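Next come two complexes built around chain A: one with chain B, the other with chain C.
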Partner chain A sequence: MAIELKEVTKVVGIDTHIHETSIKLEEGRFNILLGTTLSGKTTLLRLMAGLERPTKGEIWFKGANVTGVPVQKRKVAMVYQQFINYPNFTVYDNIASPLKVIRLPKKEIEARVHKVAELLKITPMLKRMPSELSGGQQQRTALARALVKESDLVLLDEPLADLDYKLREELREELPKLFHDSGATVVYATTEPAEALLLGGYTATLHEGRVTQYGPTPSVYRIPQDLLSARVFSDPPINTASITKRGEKFHYNETASWNVSERYKALPDGPYTIGFRPHHITLEPDNDESISVKGTVVVTEISGSESVIHMSVGHDTWVSLSHGIHPFKRGDAVELYLQTDHCFYFDANERFI
Partner chain B sequence: MIDKTTNQKAWFLVLPVVVLVAFNALIPLMTVVNYSVQETFGNNVFFFEGVKWFEQILHSERFHASLLRQLSFTGIILLIEVPLGVAIALAMPKKGPWVSVCLVLMALPLLIPWNVVGAMWNIFALPEIGLLGKMINGLGFDYNFTQQPLAAWFTTILMDVWHWTSLVVLLAYAGLSSIPDAYYQAARIDGASAWSVFRYIQLPKMKRVLTIAILLRFMDSFMIYTEPFVLTGGGPGNTTTFLSIDLVKIALGQFDLGPAAAMSLIYFLIILLLSWIFYTLMMRNEEK
Partner chain C sequence: MKNTKWLAPTIYILFLLLPIYWLVSMSFKTTNEILGSFSLWPQEFTLNNYITIFTDPTWYNGYFNSLTYVMMNTLLSVSVALPAAYAFSRYRFLGDKHLFFWLLTNRMAPPAVFALPFFQLYSAVGLFDTPIAVALAHCLFNIPLAVWILEGFMSGVPKELDETAYVDGYSFVHFFIKIFIPTIAAGIGVVMFFCFMFSWVELLLAKTLTSVVAKPIAATMTRTASTSGYELGLLAAAGTLTIIPGAFVIYFVRHHIAKGFALGRV
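Now for the complex of A and B:
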């Protein structure tokens, strides 16, 4: 058992930063906290680190209650969005600093620093000052400092957000491998759904201080428990529509309807909500389950070989993502195909059904 | 190739500044240079004397004594004001309603005219009726800043510390507030002590503003005139006659225009030289 929050809440003044949350993260795995800014990712990380005390509830780490234990006494490491290094230490001394605090013998410090420097490919920079490094190298140094401690819990707070696109991709690829070998439980906060998918592991979706869902990343993506989790884990944003079930058919706006699949046959008649990702509403039908929907183009964004078409259909505004270049103009009538077999169906309480 | 357009009209835009600088800096400076190489016995008759006044000033014991006093004064107030200013900045709250209260309180001494500061401290420190003077005497010390050199120095330094530490505080505080909170968290996770946080995070991050603070305090204190002039008038004897007070005595008291002009130039060059040395020394590590 790695880290577990038991009915934890965090209230600061009159603001509730974290509503009652219970979550048990997978030990020795890459755990991702996914949510927008102010969704409570950083607060959760700080609670796990012991930088803050929960207002209520308990935090358990490796089978022991660590709720009141100060951060220095826990074996945790943290890396931030900003590149945090001691400004007047060399890279070597920066990486060695946590080991010097616990007074390891010099020989061992040297061996461990060189080992992680090698892993993070910063061996040639060991003698330089942080200000002489690129952003990517500075963040590598900060990561090395987290890794060298051999902590059981490593907290990463949007560590790639301030890096250039290229460097971000490069480091993102290395991160899971680096920490997989260390055996540490990693918690990684990010605002980007795509990043969560690329990193794999386990994902917890956060919304306004609540964990809405937690599980293996691909299954959270494919089967969102509720509409909120689906919204958090979708970029561009997920489309929604109110539909009505009448007998064998789902109806949308009285303009479109499709057959109820086997799975939903038993549902009572009434209103439901569907959610579908932009790439599941396209200019070409996918199969027999795709139904035609007519709308008006609001704006078209063309990126390389894909077209993102924002269109209004009745009272709804949807985003569609199609292959190829389709330079529609504002106001153009457009016919798109909704892949009803890829829709998520939610009940009146926005729960997945 | 890009064609560069030349427009001579731009000179007209620079002209006001050139005129202003000429009148308030260049022309007065050249007048001083002019006086410094000439002798006059009145009637607007001048004789060329070459570097005679410069030699006289550089060999004058009176000048040496003033310079030594000036250096000691500047050294002492720097040694007090910089660490004290940093300490106060560290102790100030980082957020909340008290921040603005503290900042306003800190800025107050800086807003008081210099001669008022001198007059205030003169009355404050009077041994018979001043709050400070009477209190020190009441504690059993024999204290009279108009008669005892040591008491005069003590009062002058105390006044300068009261007047100018705020400047260091404000600059250091600005430096401290620019450090992201994540640095402190990272240090806590590392288990760094308060001293390590100061030594390895706060001090390096404050380096630039502290350099500016030291430079400003050095230049200002080296040119100090008004406050000690009002407080002690340079006395008792010559014990608090700093360079600028001495200069005014020679120029306006004795009306020795030549030596006074020569001394002004030497004074100016000393400040320029010391500022340059300070700056290069403090910025040397930065460039490495």
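Now for the complex of A and C:
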């Protein structure tokens, strides 16, 4: 039990930034906070760091209540989206600064700084000033400073968001390895579902100041507890449709229907909601469970080898992701195949069933 | 066309430099030559004016007095404005924006308005004719300006820098002195320049609040056309020497000022 929030709320003025939240993050693992901007990721990180005090509730760290403990005494490390380094210190002094503050012997500081510099591949830059580094190197310096402390809790607030594509990929690959070896509990905030999947570990989905679901990343992705979690953890956005169950069939708009699978046989008749990811509605049927839906193209985006087709079906607008290049024009009629075996079914309260 | 590009700036610069040239050239002339005939450069070159200033205590003490209160004022203004500007840039409190604007309105009144109250007040508490009197009086104008400029520079530093330092274990004071002040060194340079300049050229308060002991150079310079008749050469030499410190300060902070302009606060 590295860090636990107990019934924490955060209210600033009249805005509630965090609604009552209780969450216990996995010790020594990569924990991802996934949510859009303003969903409360940064606030949660700041509460965990001790930069802000919760309005209500308690924060426990390694079995002790640390709610009122100032950040200087928390022994946490934090890296921001902006590349924050001390501009008047060299890279070496930047990395060494948390160790200098606790007055470690010079020999040990040197050894530890060189070790993390080696890990983060910035040894040749140690004598430079942060302003003389590229963005990627600046962020590596900030990460090195977080790593050198060997703190038990490392908070990363979208550390890769400001990096360009190549550097982001490179660093994203290294990150889990770096922190896995240190044994620290890592909390990583990101807006990108793909990033959460690539980093693995555990994921908490956030929406408007609420944690909607927390669990191992793949299972949060595969079995969203409710429609909200499914929406947060999907890019491009998840498609939804209102359906009705009547006996052995699910009906959509009276234009399409399919057999109720074994799992849902016992459900009472009535309205339900389905959610399906863009790559589960395609131009080609996947198997017998795929049903045909006809719609009108709104816009087509083509990215290399894939086509993203936005189309309207009745009152709904869906996004489809298909392989190959399909340059449909606005207004074209299309027939797409919905893979009903890959749909998430939600009840009237939008809970996963 | 290409060959005449230099013309306009050259004329402009010549025009700007003319009064300075005239002052410097006068300082190397004798008073008789200045009053007697029109000459573009000194006919009887003399250093006597400068020698008088460097040997006569009533002259050189004027410089000492001026520099004393100018430096006092600069230090006071910067050390008071640093924490104030930090508060304005980092915290939100009731009426902060109004207070911030009110600070600046202090500069809207001419210094002359405050001459009488300061004179009476300082006479009453025994500060009259001391350098600290002038330094304190100039603070009324310099501190608001210093807060205003520093706030701009400080707001340019992300608040995450402060937080990173706290996370790393720095206390507030430790962070402020070791990291924050060096980070906004350019801003402090600009502020010192403005405080120095205002205090160095301000005449009215400096003259009103001193008589003999703390008499500033500006006062000495404007009074000398008295007992021994006109001493124009001497005055010109004193004027030349008064320009020099300002030119020095501008030279040293010229890059910082450019940065300050870029940040939109100077």
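A few points about this structure:
Everything below uses one rule, namely that the second predicted complex is superposed on the first by the 353 of 353 C-alpha atoms of A that agree within 3 Å, B and C clash if a C-alpha of one lies under 4 Å from a C-alpha of the other, contacts with A are read in each partner's own complex, and residues count from 1 in each chain.
We take it that contacts are C-beta pairs under 8 Å (C-beta built on N, C-alpha and C of every residue); 3 or more make two chains touch, one makes a residue touch a chain.
As the structure is a prediction and not an experimental result, all values here were calculated from the model.
When both complexes are superposed on chain A, chain B and chain C end up clashing with one another.
Once the two complexes are laid over each other on the shared chain, residue contacts for A:Q82 go to chain B and to chain C alike. In the superposition on chain A, A:V297 contacts neither chain B nor chain C. Touch criterion met: A:L51 reaches chain B and chain C at once. When the shared chain is aligned, no partner comes close enough to touch A:V232: not chain B, not chain C.
Overlap of the chain B and chain C interfaces on chain A comprises residues 49, 51, 71-72, 76-78, 80, 82, 84, 86-89, 97-98, 101-102. Interface residues of chain C, counted against chain A in their complex, comprise 158, 160-161, 163-171, 174, 179, 182-183, 185.
Against chain C, in their complex, chain A makes its touches with residues 49, 51, 70-72, 74, 76-78, 80, 82, 84, 86-89, 97-98, 101-102, 142, 145, 149. Taken together, the chain A residues at the contact with chain B in this complex read 46, 49, 51, 71-72, 76-78, 80-82, 84, 86-89, 97-98, 101-102, 129.
Here chain B touches chain A in the complex through residues 180, 182-183, 185-186, 188-192, 200-201, 204-205, 288, going by the rule given at the top.
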